[in-house]
Amino acid sequence: MALSAISRSIFPTLETIVGSAGCSSLARYAPAAALLLKQTGVNPETPVALPDSPALLAEVMRCAHQNRWRVLPAGCGSKLGWGSLPSDADLLVSTARLDRLIEHAAGDLTVTAEAGIRFVTLQAQLAKANQFLALDPAYPEQASLGGILSTADSGPLRHRYGGVRDMCLGIGVVRADGKPVKAGGRVVKNVAGYDLMKLFTGAYGTLGIVSQLTFRLHPLPEAWRTVVLSPQLPQALSRAAAALRASALTPLAVEVADESTFVGLGLHNQPGLLVRFGGSEASVREQSAQLLALAPGLGTHILEGEADKKLWEQLRTQFWQSASPEAVICKLGVPPARVVAALGCARERGARLCLRSGSGVGLVRWERVDTATVEALRHFCRAEGGYLTVLEAPSALKVAIDVWDIAPGAAALMARIRRRFDPEQIFACRPFGPG
Amino acid sequence: MPTLAKRNWRAIAQQMEQIVGKSGVVWTPEELLVFECDGLASYKQRPALAVLPRTTEEASRVLALCYREGLPFVARGSGTGLSGGALPVEGCVLVVTARMNRILAIDLDNHQVVVQPGVINNWVTQAVSGAGFYYAPDPSSQSICSIGGNVAENSGGVHCLKYGVTTNHVLGLKLVLPDGEIVDVGGPVPESPGYDLAGVFVGSEGTLGIAAEITLRLLRSAESIRVLLADFATVEAAGSAVTAIIAAGIVPGGMEIMDNLSINAVEDVVATECYPRDAGAILLVEVDGLAVEVEATSTQVEALCREAGARAVRSATDPAERLKLWKGRKAAFAAMGRRAPNYYVQDGVIPRTKLQCVLQQIELLSKKHGYPVANVFHAGDGNLHPLILYDGRIAGELEKVEILGGEILKLCVAVGGSISGEHGIGAEKRCYMSDMFTPADLETMQWVRAVFDPKGLANPTKLFPTPRTCGEAARAESEARFAAVERF
Amino acid sequence: MENQPRLAVPRAFDANHPPDAQMIDTCVHCGFCLATCPSYRVLGTEMDSPRGRIYLMDALNEGEISLSQATAGHFDSCLGCLACVSTCPSGVQYDQLIAATRPQVERNVERSVPDRLLRALIFNLLPYPRRLRPLLLALIPYQKLGVQKLVRKSGLLQKFAPRLAAMESILPAVPASAFAAPMPERVAAQGKQRFRVGMITGCVQRLFFDRVNRATLRVLTAIGCEVVIPRSQGCCAALPQHQGQSAQARQMARDLIDSFADSNVDYLIINAAGCGHTLKEYGHILADDPVYRERAAAFAAKVRDVQEFLYWAKILVPLQPIADGPLAVVYQDACHLLHGQRISLQPRQLLAQIPGVQVREPVDAALCCGSAGVYNILQPEIGEELGRQKVENLLATGAVLIASANPGCTLQIRKHLELTGQAVPVRHPMELIDAAIRGVKVADLPAS
């Protein structure tokens, strides 16, 4: 496929703004994503602008706005293929070089950083003060902070600490017209003005490019310990999950997972619960003891220290290893009490699954699946008042299905918001909403 | 559109009566008088009508009527807000949610409840506490403030340090948009796909519509709770204890400081007899969790307080005893009623590491302007509530006090903080929005507003600064409150 | 709305003791009082809350609004439960403010004819046992011959005179004791005499709850009191006082003081919450009376609610279980004890002293049951809703017996229990203590 005339003409203009170091192509910048996006007609040679200051980011966007270029916002490119696939982008604007840590206010338990900072880099800095950003996203080595916000990508730690939306205190955004704006602030409590942080969380870059973020931090737990519960029967799993939900224990994470996930973790071959505690040594010891008392007669396994850490890394890679381009990974949600039922429904359909037992949010993965099967699981989630969103999947499947699963009434309102924020449709290359 | 003064309010009132019944419409001038202000009594404006719907459908029909007639409307819960969020605007319909006070569903399996907006905050906890659950956000006015008001203001409380504010506990909303359309946003499961419209709505101060049904997340009651009361010779010492506690990696349920003036005001009225009258400040720390954790953490907190110079530390685990220790704090604002005819409360936020320096500045400002300032604050999250005491019966005092309040807010912004932590901007602080946000920031927020409320009918003139609403123009508005009453 | 009936000359407050402006100024408009205000709970209208009423009083004082029927209606809607006084963090003395407002309303607002007639009926009948008793005789055939059933079933009264219907509906069965011989004027203490006390028998209490009075008398003597019960005593003045009928109230207070003039007692004991609150206010009620001022203050200082007194004096005799096995009892706070006299702990502690009794706590314990003296007759809709809620909350505790220390509350709760078809008994705490002292099981007590 030929590079569009616009894209070709963009390179020289970009170079005058961001210099040659700030210019790249999709193929060079994110090879894996380039392959995927090629399927929906995005040329691998599409230019990528990598401004290294907020001012340059704004200038790139002003230029794009003036020229009515269609912009695909990006961070470090790890999740470009999530959700509905973009088509016809004239250029990508990436925040990968906007990666400064602006302020780690340890005494205030907050951090302010530019959007392109990589998650692992940030965590390493914060750990020096015994603090952390309590998120466990996909692809932590590649993922940028801005990308995590834009995809609302939380993990098992959501159980105790909440999602991305609950931790973001302030944002800086460059709008479609190139104007830099902000919302929220740098303090942990603030109700001045609309909470635009929420609007941009999970907006997939359809409303503007997030350039700077402030997050709430938490003290790093002194000790971690995971208890693995493996009941013989599904009813026992249900009971154990319910007993744990109803208890006064305060785990950091409670995941319900199917047997293939457990096999992949090198544990048993039946569905079970992974319960992670964190805090003082005394607390984790007491909590795990109380948990064992709560679920007598279940097979148990306890992991501490490195083994604990490794287990949760393995769980993540089970879902996010992209060995097969045929794999389909979806985010789903059901009410907490229906988590075990959702597990059953997914297993019957050949998927592996892990769900946060406290919130009912989780992931499902098929190595290969047809549209009807995905629709069937979605049907189950919807009937329970939940949803199923396709994150990674072959483009053929994404074309055949409503990727997002946004409720119709709210979707109309969202479409109006999008039009208002981006009347010239600068960010229109990523479809958002039903159909 | 007819001008405000010439509207046929009689016909409108009759149409409203068709929707909500005769008893649900208040129209006589003397009765409407009581709706002219909320918890911020220094701003006053009588509404043209007050309407009390009972159901989502009635609320929708009321707003649809306003939309057809081009009438501005202001939603009001219990009228306890401290920023004038429920202050009527001239010629408006006041939509009072006090009759929408039913808990619609309790789903303990999924840890959630669905309530109408007029349900009182602590009714939620009362309804589920028997089963071992509670609703976490607890503003000091929790005995009377409504959930709808909490959603509008994104209310906090003394326990939001650890558990978050209202927005962290709202899962879904059934909205009535300003044209009467009913839309569901969010839902029983968090992180639903698309823009987080429930998240945007929370804290929008009634400018986007009315939340007619609210799905709230419940938390499991902690196994053990302990409240520590440490008494210090100075506010600075209490502040340094807070810093030390956070630095030690402890995040308590709540951390509150009251200074000497507030301690004595509370003791005069509530007489808890637990706050030492001679203390420069007291620090209240609530620790919760498993018994073993609470035990260890309290010991640590107590030691840190003593290191910071606490003269004495007492603690309570028994519910009645704990309630007693908190009682004075919860009554702190109103207790000022005995100290001075009026008080003006501010709601600034600062990075908690700047606490000592800001408190010193406030004291200097207090001396410079000649008004006593009592300090009550959520020390854990840097949310200050300076209470400026004055006598509103003396002409011109309020204006002077507002200037002092403004300087305090500007100080908060200057050290990297915010002009409001939980009370909202409302009518009172809209002019300070420009100190925090650029015109482009505000324009972006207005875009959201224009989508929800294209005619600008929902709580107009609130939250956003306009030349007309700032300073003297706002007061002229309130002084004219009796000019246009005899419309009937 | 121009055709809304208005007084020819709308008036504000007159100069005779309007609500005190300084007292009004202590209100900071925080709204905490709304939470426990029963009329606000039912109506949801700010005008029918203490904060709203204070706002109206202020505007009336300032002459900003007139004392129209609409305005007056919101003072009438106040139950006078005083829950707001307990709740107020600024210490606003709403009790004083509403007490000053009611006579203003009585003097300056023209009431409708039916309203006037009903009020006249109440104030000329209920506080006077000697007038009420012959009427009760006439009621016996009404109740016994099934006329009452017929009237209630037809719903006619409800339709044409809802307030008369309300009055009729709380009417208890006329007990034979209403016509029994009066109690002796002096009863000696059992065992060693510890106190000499006077007993105030109340007006409604005396006729409808004679059993409670007799139980109280037995308990008092059992714990070592010599009890004086002058026959000349009439109504304590609570009824007219709460409705702003000041002149009538003052006269009744003077009469009662005279009845006990030479009794030489240590304490004056009352077992009805509403009466107790008014008796303790005698100093205020007669503050402008040069002759009675001091006597009234001295009288008020001796008044004790019976539960307050018992808890303080201690029951030194052994208490027996009053049921086979545990007995779940819910204590219903009468507003005039809880808010008017700050008595809440003592009744609960006394009940808990009875072996086997478990005291349960209801939701909204501080919220009025809707009886509020004669309120449920004057404002039946609000009274109904509050009664319904109260019974629901009391039953939700799982209690099998309700303890209530005020005749009005007892009638109201019984009525709503009946409406929901519940057979849970309502007893005065003194009946239970008396049973425990005598070793009688509560199931064997004569039906109420």
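Observations, loosely collected:
When the chains are written out, they are named A, B and C in that same order, and each has its own residue count from 1.
As a convention for this text, contacts are C-beta pairs under 8 Å (C-beta built on N, C-alpha and C of every residue); 3 or more make two chains touch, one makes a residue touch a chain.
Keep in mind the model is a prediction, meaning the values are calculated, not measured.
Chains touching both subunit B and subunit C: none. Greatest centre-to-centre distance from subunit A is found for C, with centres as Cα means.
Annotation: 37 Å between the Cα-based centres of subunit B and subunit C.
Between the CA-based centres of subunit A and subunit C the separation comes to 63 Å, rounded to the whole angstrom.
Subunit A and subunit B have CA centres that are 32 Å apart.
Of all residues in subunit B, none touches 2 or more other chains.
For subunit B in complex with subunit A, the touching residues are 107, 109-111, 132, 153-154, 156, 160, 164-165, 167-168, 182-185, 187-200, 202-204, 220-223, 243, 246-247, 249-251, 289-290, 292-293, 296, 349-353, 378, 381-383, 416-425, 429, 433, 436-438, 440-445, 447-452, 463.
Per the touch definition, subunit B reaches subunit C in the complex via residues 10, 13, 23, 26-31, 33-35, 37-39, 41, 50, 52, 78-80, 96, 98-99, 101, 118, 120, 126, 141, 143-145, 268-270, 330-331, 333-338, 341-343, 393, 482, 488. Considering their complex, residues 1-2, 4, 25-35, 40, 43-47, 51-52, 55-56, 59, 64-66, 68, 70-71, 74, 87-92, 363 of subunit C touch subunit B.
Within the complex, the subunit A residues that touch subunit B are 105-110, 130, 152, 154, 162-163, 165-166, 173, 175, 179-183, 185-199, 201-203, 207, 218-220, 222, 242, 245-250, 279-280, 282-283, 286-287, 290, 331, 333-337, 358-361, 385-387, 389, 404-407, 409-414, 416-417, 420-421, 432-433.
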